[in-house]
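Presented sequentially are two complexes of subunit A, the first with subunit B as partner and the second with subunit C.
Here is the complex of A and B:
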């Protein structure tokens, strides 16, 4: 025993971690293998019987995990794009062009002290970021990312979306109330007033679209818009799209409606007293919200995952690599080498200052990029969902960029102006939109 | 180890005789004046909120206790003194050259003006005739500093309204000017350049080439930066009619500088009580009638244009000659008193110096415009929202170094 103790004491901290974690993981792995070996067939049977549930669990997990890269990417855009608009350099230390900056931010959040102020209501204080985060993540479940790629095709998808999205205000109020800080309280109250006010024009602005589509299922709405881009709902509902975008910006607390976390007025709003990962969850939720409103805008008004034009001629790739036999092996061995040499040649020829090995590295990188591009093109052509995700993400990130752009350009509105705008302009405009749409439907169809 | 149940005598809780909220801003002593008693009595549905001294957008370390009804400001109590250094007293214990170093950081974004005003006062005490070239260099460098200060103001104004970009755009101009002045004076912020009887160094090549370079594009750049804000609907709507102060009140509250001129009074120390070579220079005094935040903002932009005009004329009229008057090393002015005022970027900045015949000023009094302007905050803010407090504060452009002295 003493020997073990002495050995343990001599280990460094990483060593201690490795010697604890590795045995636990090994034990878990062995247990898993044993369970599968013994109960393999029954488990598969049960899973096969409950396929919808399995599908839902898998989708929920993927969506939950997807928020991490999404938040990182949106956060990086926020840092870099605003920096470039400010004529700054922005993050450039971690990763190429500073692209891993948000990862570092995330790690920093994890390592910071998680602090609860004196006098705070501990339970509510702890749960508030979770509620805010889950409210935004759960809305991702109904968004169709590609043909067949959605968490659940609810026939009440839009209603679900607004219902769950509105839950985030509960979390904000909880945070504002439980923090025991007057700035937090003001932020929470502002959030409540703002989100509830903008919920109304937000919901009313899509009612015209629902009348046109005849369904509230987001998947069905996307399917309705297939074909040429002239079929997108934005051409039939321009006013609705505009109101939706403005109201959704306010709903997600983005500039110029970011009163809830107005740093020059109420420090950080409801997040003032938060630190560490609990603060990180608020930021996660905000970045995911940016992605979500952009995604919903694209889904409802810009054709979702549909390409803006149908492919004018049908392409089918009759690729059957297995049919090549031994030639495939030779190709795999030879083609990358050849490509590297081919791409290295221009470097070699262009400048006598570039050494041979440098040219080879350049060629290797270019060859890899070429091959990746080739594979991606093949996947785009032959796989529906790849094309769908490509178009969906492209359109969505255009809107994310617009939101970031607004943040870099616009100052903030005042509380009374915000309310005036919601009740005196957006609400009548959305009602007008609804009325005109309904009248047009009656005239055309009736 | 011994444990004691008694509280140590420095525990602040020992002396409290009433139960205060954990972070209530109410001072722990009984009210000293009627006003204080009235202010610290909360009405129905009202609450106090401490804005500052560590709020992200108070300029410096100003603490404002706001009495709020919802988000509406009912009353406020600015608490000063977090940056108090006792500059006036320090100056009285230093000789005349050293005193300038102490006044330098008063307005730390426009240090040349806080140097200039005591320097003129001391020169009056000593009957020094400053060479004309030195006067022109003073005007040139201080107008550059005025532009730098106003550029910072424009950026801050936008930042306090939630715009992220303008401050960085205006910092480009400010950095260029500050680098230029660093080439001239050797420092970026606290220049310590003006001396009694002249200036520290002559114009050098680096300064002139940088200045020429910058002047060719300055007007264009400042226009471009302001295009971001001037036609921005949100910005203009928030600023118009905000923190309005009329002419009479502004005069009664002894406002000076851009804040007074924004109410329509064309008072500028450079024209009203001319000093240095300003009588020889041709420039306008821009005024506006509205007296609100937007007027104060736009007026400062007009002032930048006038400053550019002055710099241009200085460069054309700059005479040759010495930059320093002949003075003994140890200055002992005759007993007497002198007063000098300059037009700083925030308003009239004046110094009153009394000499008793020794090499140290017997008494020095510095009148700082930021302090004077802060007292009218109490007239402007009540009735506006929390969000506007920062905008009003920014539009008055106080520098806490000067307020607390």
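Here is the complex of A and C:
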């Protein structure tokens, strides 16, 4: 009991709130499940009548929740990949290969003191990280993760994306202004200057693609690129893709354009006065931003959730587990045991130094992997959204890796170089791209 | 290289990607421990024996041997009678001066640095030429050098080290091992001889014993070499 008391006393206020709210939420969830079980039919009717609203609420919840594992994964990749590139090992203490490092980071953020400087504008100071975070999360609503898997298929999806993404500038300025610290304000101004400057080539680089696609709906753009990978827009808009990638890197404040926080040179810019979970939200938003620019790059230029090539012959699995009747139950009971024994046998035979229980554990693990692989393959073949999400995530994380790789390689640019590059190179290049694309469309279509 | 823009970035990215797959240099410390370097002595610490007595005998050998003179010790001697100290107290003032000089950005004169007198190295070069710059003939080289200069100047030793490739410390060791090689000009050695002449030698002691004991046999056979 004293241990619990002591631990409770050590928690900061947000920590106490989280550890109180989460059990309450869990209890509410259980109660909700019970209510649904009892009053199922009328609730379903009400929900069915308001399907668009329900769909939106579910999508928003999923998008909000999926940012957590995404940020954890991107943060872990950042630590581990850069460490490996520096000939270090990186995190290896928490979890297998240090994979729970991000979780521990998050807990650390929760435990820290949530400090507000004297004289700061409390309301704005508190809202700034939320604005920055929501500006990145809300853009996820229009990204198609798979066939039919999107929050809302807006016909102005791309415009919405840039509009909401641009809101993060407001959050940064709010943070800089409300901190009651001239250096934070300078950092906020610098961040705003950078992000606004790069917004222009970012948007202009996509206009050529919009001319080609004839739509701004991200879902429609992905559908247009189906089939072979030769149909991806990157082959028709290589310059546009390059400009988009560079400008998006700057937009998400990633190396070599991470002047807004520049952790090794200046003290975090506009986030100087932040600590605890409010700082954590800035951090969080940065990692989510990495995922988002990779996802948008994939969606616009690399076929989104389309596989790079159509499967040459159609495979249909005629699986009907229900048809087996009672035999299905027997199969479920017997097959894992049997598989465990089958996979344990090689260990048992291979070496007399491996004890029986060790062989059984090895067999159990292998059997599980085999079954999971089997189920995943069946799902990939029979459910097209599984295949879509698989390809989307694969491509996106390749881009996330490229961004991390760039961070491990490239030095930071100077602020004047940054502005020069945006205004003297990227802007003319994107205008050129737009002009050439428009001319080509006029010539080809007559 | 610079004709194609972005090529430098690409090659840099290639370097980091290669590093990504290379073996890592980090040592997982508590599980894996590297052997310390051969000459590593760690932190200086005085040891106690099994009765809890300080093992240090205040012999100052450590302070004497310390090459950078960082050991500065003091305490009671082994019988607990006298206060003993290594490192003159007046050096503290010098050290304060030194640190003041260093802090003010001026150069600190190093009293340990005695610049050796430049000499004409032609003779050493001729000797080295005779012995074909072969460090295996070090003793002959040193003898010939001493024959040329009358003693072994530091500059000549450094020249020999430089030309033959032998370590200066080894040459110094060789030269200091042999009695007939000397590092000082003969004048200084003559002064030593003059000092020795004033000291009572072994022969005078023996003669005194002989007279005291009344001239008894073989024990008082006169030594040839004093």
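What we mean here is this: the second predicted complex is superposed on the first by the 400 of 446 C-alpha atoms of A that agree within 3 Å, B and C clash if a C-alpha of one lies under 4 Å from a C-alpha of the other, contacts with A are read in each partner's own complex, and residues count from 1 in each chain.
Note that in this section a contact is a pair of C-beta atoms (placed from the backbone, for glycine too) under 8 Å apart; a residue touches a chain by one contact, two chains touch by 3 or more.
What you see is a predicted model, and the numbers here were worked out from it, not measured in a lab.
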Q: Answer with clash or fit: subunit B and subunit C placed together on subunit A by superposition.
A: clash
(Q) Counting residues of subunit A touched by each partner, does subunit B or subunit C come out ahead? (A) B
Q: Would you sort A:48 into first (subunit B), second (subunit C), both or neither based on which partner it touches?
A: neither
Q. Which partner does A:412 reach: the first (subunit B), the second (subunit C), both, or neither?
A. first
(Q) Going by the contact rule set out at the top, does A:326 touch subunit B (first), subunit C (second), both, or neither? (A) neither
**Q.** Touching partner for A:86 - first (subunit B), second (subunit C), both, neither
**A.** both
Q: Report for A:13: first if it touches subunit B alone, second if subunit C alone, otherwise both or neither.
A: neither
Q.
Is A:4 touching anything from subunit B or subunit C once the two structures are fitted on A? First, second, both or neither.
A. neither
(Q) A:264 in the overlay: touching subunit B, subunit C, both, or neither? Say first, second, both or neither. (A) first
(Q) Does any part of subunit A touch subunit B in one structure and subunit C in the other, and if so which residues? (A) 85-88, 408-410
Q) In their shared complex, at which residues does subunit A touch subunit C? A) 81, 84-89, 92, 405-406, 408-410
Q. Which residues of subunit B touch subunit A in the complex?
A. 22, 47-49, 55-57, 71, 158-165, 168-169, 172, 228-229, 232, 234-235, 237-238, 385-390
Q | Contact set on subunit C toward subunit A in their complex | A | 9, 12-13, 15-17, 19-20, 22-26, 28
Q. Along subunit A, where are the residues that touch subunit B in the complex?
A. 82, 85-88, 118-119, 180, 182-183, 186, 190, 255-256, 258-259, 262-267, 407-417
